[in-house]
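Naming follows writing order (A, B and C), and every chain is counted from residue 1.
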Amino acid sequence: MALLEVRHLTTVFRTPFGAVRACDDVSFDVAPGEVLGIVGESGSGKTLTALSVLGLVPPPGRIEAGSIRFAGEELVGTPEARLRRLRGRDIGMVFQDAGRALDPVHTIASQLREAAGKRADVAALLGRVGLDGRLASRYPHELSGGQRQRAMIAIAIARTPRLVIADEPTTAVDSISQVQVLHELARIQRELGCALIVISHNLGLISRLADRVLVMYLGRVMEQNAVRPFVAGPRHPYARALLAATPALDLDRRTGRLAGIRGLPARMIEVPPGCPFHPRCPDAEARCSVEVPAWRAHADGSGAACHLLDAPAPLPSPVTPGQAQGERFAPAPPAAEIADGTLP
Amino acid sequence: MSAAVAGLGTPGAAGELTPYLIETGAQGALRRFARNRLAVLGAVIVACVVFAALCGPWLAPYDPINGDILERHQGFSRAHPLGTDFLGRDQLSRLLHGARASFFAALAVTVAVITIATVVGVTAGYCGGAVDAALMRMVDMILAFPSLILSLALIGFLGPGLDKALVAMTLASWAGFARIIRGQVLAVRGRSFIEVAECAGGTPLGIILRHVLPNVSSTIVVLATLDIGGNILALAGLSFLGLGLRPPAPEWGRMLFDAKPYLDRQPLEMFVPGLAIAITVLGFNLLGDGLRDALDPSGEAV
Amino acid sequence: MVGYVARRALQIIPVVIGISVITWLMMSLAPGDAAEIYARQFAENERPTPADIERARKELALEGHPIEQYLRWAGRAVHGDLGRSFRSGRYVVREIMIYLPATLQLTASGALVILVIGLPMGVVAALYHNRWPDVLARFFALLGVGLPSFWLALLLIWLFAVQLQWLPSVGRGDWRNLILPALALGIVGSGSYTRLLRATMLDALSQEYITAARARGVGPAGVVIRHALRNALIPVVTKFGLTFGALLSGAVFVETIFSWPGVGKFAVDSISAKDYPSVQGFVLFASLTYVAANFLIDVVYPLIDPRIGSRARASA
């Protein structure tokens, strides 16, 4: 059974300027010990998907439909007190920018203890992420960006949660620290055996870390697949464009020109009708601007939402965890390569 | 409490939306102002006060200085809508005449303060260097005094009277505004269009008049509006202490002072001028806040 | 930390010199010859002889070159001699020392009122953003900002002393005498604190560290007190220095109305009597207390905002 089952999750912000559907009919599974990568440009609803799982959608946002089951327990509509006991204990979250996610007026130790309990061995917890225990008495601004990010990870894993969500864990740190943080995450995931959701706009990072990839665009899931087949042959035109815009992938080192995606990413307040990607899609047909494409699922659990694909089977079909575990953590690639794999 | 906290904010989508939704320019400012109900209320109050200040003497039904002593300490009546004071003078008439004194005196101080502050602030901010350092040290010295205490002390030496009170208030309060305006000028100066104007051979005075002043004008307008309210309050306070307008001239602070011994007999005498001061100051504050929000939606300046 | 405090203390020196220069200059604003006025106070029949005036001039440090005059005046001031009151003939510093405790008691009580009324209202307003407690708090804050302290004082006297007869309206005796003056002083300042704390609380609550704290399982009380309020209070503490000046100014009115025997009432009486040395003494004391209060806040500040502290440590 999946550890996390998200079904038709729809998170909406009702503002005076119109409704913003930050997550629109999002479905995916995460198996115990699995690494799922969620990729997409900024504003594609990745972060709000994570916050929805934790029940931390900021007002005026609200989960309006769908279900989130964690270890069989429904989280949508669960009382705040129950959610609070899950947060930190069963689900840990690593935020994008530790500089903003750590409270500037409390020491690292005191923030670690909030997650791990008053009697926790703070030095040991910091040691898990390769930080000197003496840093515990420091304030966040007294640490380097990389150290802060590790401290953030230490807080997220303090209680050995079954699921860790890492939201853009490397974008706020310099490229050398990026590699280190990445390896730290991979090592920790392996050691704790927890499931991990990595959110990033960096396909290079995702392909290096994840078992499976979920591609989001303007709040909708465009495609999901195991990482190897995805990199080898993405089905959705958007996914293809993303991959073509990613410089050198460690898994599939191709040479050739780097392609951009034409047009500007649309904004969430003005989602185009039909397929949200159609204004920028090179292969768009007439119906793409009218009809929302249905999810075309494959037997292996992969799938995509595009009219141009001949769908072998309709939804619903159970999503299975990806294969190819074990060979994910290749030897440390040079820093430059990871830094390269960033979308504009 | 938990219900309140459950819905607490998070950065992200909602916050990222707002920058797109702020209109710029004069029309946007006007629309933002009109949408702000409190600001409109402030504008209405200020309009009423200005009207009373301009036309008060013609609207007043009685002589504000010579009353009928037999009619003293009266409550509401048709003859005296707001009652009479301890000398039988009509409160409404004194209020209307007092509006003129309060408003124009406050306006005079504000004009003087803003003029001095603008000259000093722009000079310091634009010239920089030793001029800036010298002017700002002077500002620091004056700011080391709480402004009301400085004006009280100055009056202590200059002697009581409206003209001296106005001089004292001006001397005591320009420094803070000079510092704010200097900060704004520094911010404007760092922008590239000033460099362009300098390269194009503009004279310093020309650049200040054409480029620097228009860019700090919204700050000045907001400061001036808030300052008028503050000055009306300060002047009423000085008159209340017997250091502002000399009796028997009608003045709101003085009316309060006169009402004080008769709190038990006729509290109306204290309610009328007090309410007038409070509402007027409130009106200018609301208007000033509204202008600030309308002119500077990001809330950076001032 | 010690270095930081020392540097802050050094920065005060020019400010104090500036204060003394301005205070001294005020004497030259006085119309007429201060020495003559002074001499007249103590001469028989108010007819001072030229010798009396010369003696007065010497006592007031009004002879010689202006810079010489200032230095002599400042030299005496450092030794606690600001001349004698025109009214009582007693030393000004000694007079002020008699009145100062009452004023400090009053301003401290006013600050307490702000702490007890203004700050909690700001927190509640932010937590119930746009709901009725917020609307109510904003309404009171708005009233508090425009309300003249001298009118509020009269209202309080009318309500509690005249109508209800619960509390005395004048003088300084037991704690009951303190309540109305403290309220009159504190309520006026509370409004701006409610507004400020509401704004900084709302800002703090929208920060990512709040979401992050909740994401690691911190409960509502912890989120609000340990994280939001702790951060929101930083600008409030900065403002407290300014407020001390406002409280001192407000004390002038409140003391006059309630016949509270403090330096504010002493100042108003001195101004009315053209008692120049006493007025000088009052300004000097008020501004030095104000500067001292701001210095104290600067010293305490690093304890409240660790970012300032370590910057100070690093550069010391």
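Basically, contacts are C-beta pairs under 8 Å (C-beta built on N, C-alpha and C of every residue); 3 or more make two chains touch, one makes a residue touch a chain.
Small disclaimer: the values here were computed from a predicted structure and weren't measured.
The chains in contact with chain A and with chain B alike are C.
Set side by side, the interfaces A-C and B-C show unequal numbers of C-beta pairs in contact, with more at B-C.
Each chain gets one centre point, the mean of its Cα atoms, and the points for chain A and chain B are 53 Å apart. Chain A and chain C have centres, each the mean of its CA atoms, that are 54 Å apart. Put simply, the C-alpha centre of chain B and that of chain C have 21 angstrom between them. For chain C, the set of residues that touch two or more other chains comprises 206-208, 211, 214.
Within chain B, contacts with two or more other chains are made by residues 2, 6, 8-11. Contact with two or more other chains is made by residues 51, 56, 58, 100 of chain A. Every residue of chain B that touches chain C in the complex is listed here, in rising order: 1-2, 4-6, 8-11, 15, 38, 137, 140-142, 144-150, 152-160, 229, 233, 236-237, 240-243, 253, 256, 259-260, 263-264, 267, 270, 273-274, 277-279, 281-282, 285-286.
Touching chain C in their complex are the following residues of chain A: 51, 54, 56, 58, 84-89, 92-93, 95, 97, 100-106, 111, 114-115, 139, 141-142, 152, 155-156, 158.
Taken in their complex, chain C has these residues touching chain B: 14-15, 18-19, 21-23, 26-27, 29-31, 127-128, 142-143, 145-148, 150-151, 154-155, 157-158, 162, 202, 205-208, 210-211, 214, 220-221, 223-224, 245-246, 248-249, 252-253, 256-257, 267-268, 270-272, 274, 276, 279-280, 282-283, 286-287, 290-291.
On the side of chain C, the complex with chain A involves touching residues 206-209, 211-219, 222, 226-227, 230-231, 234, 304-307, 310.
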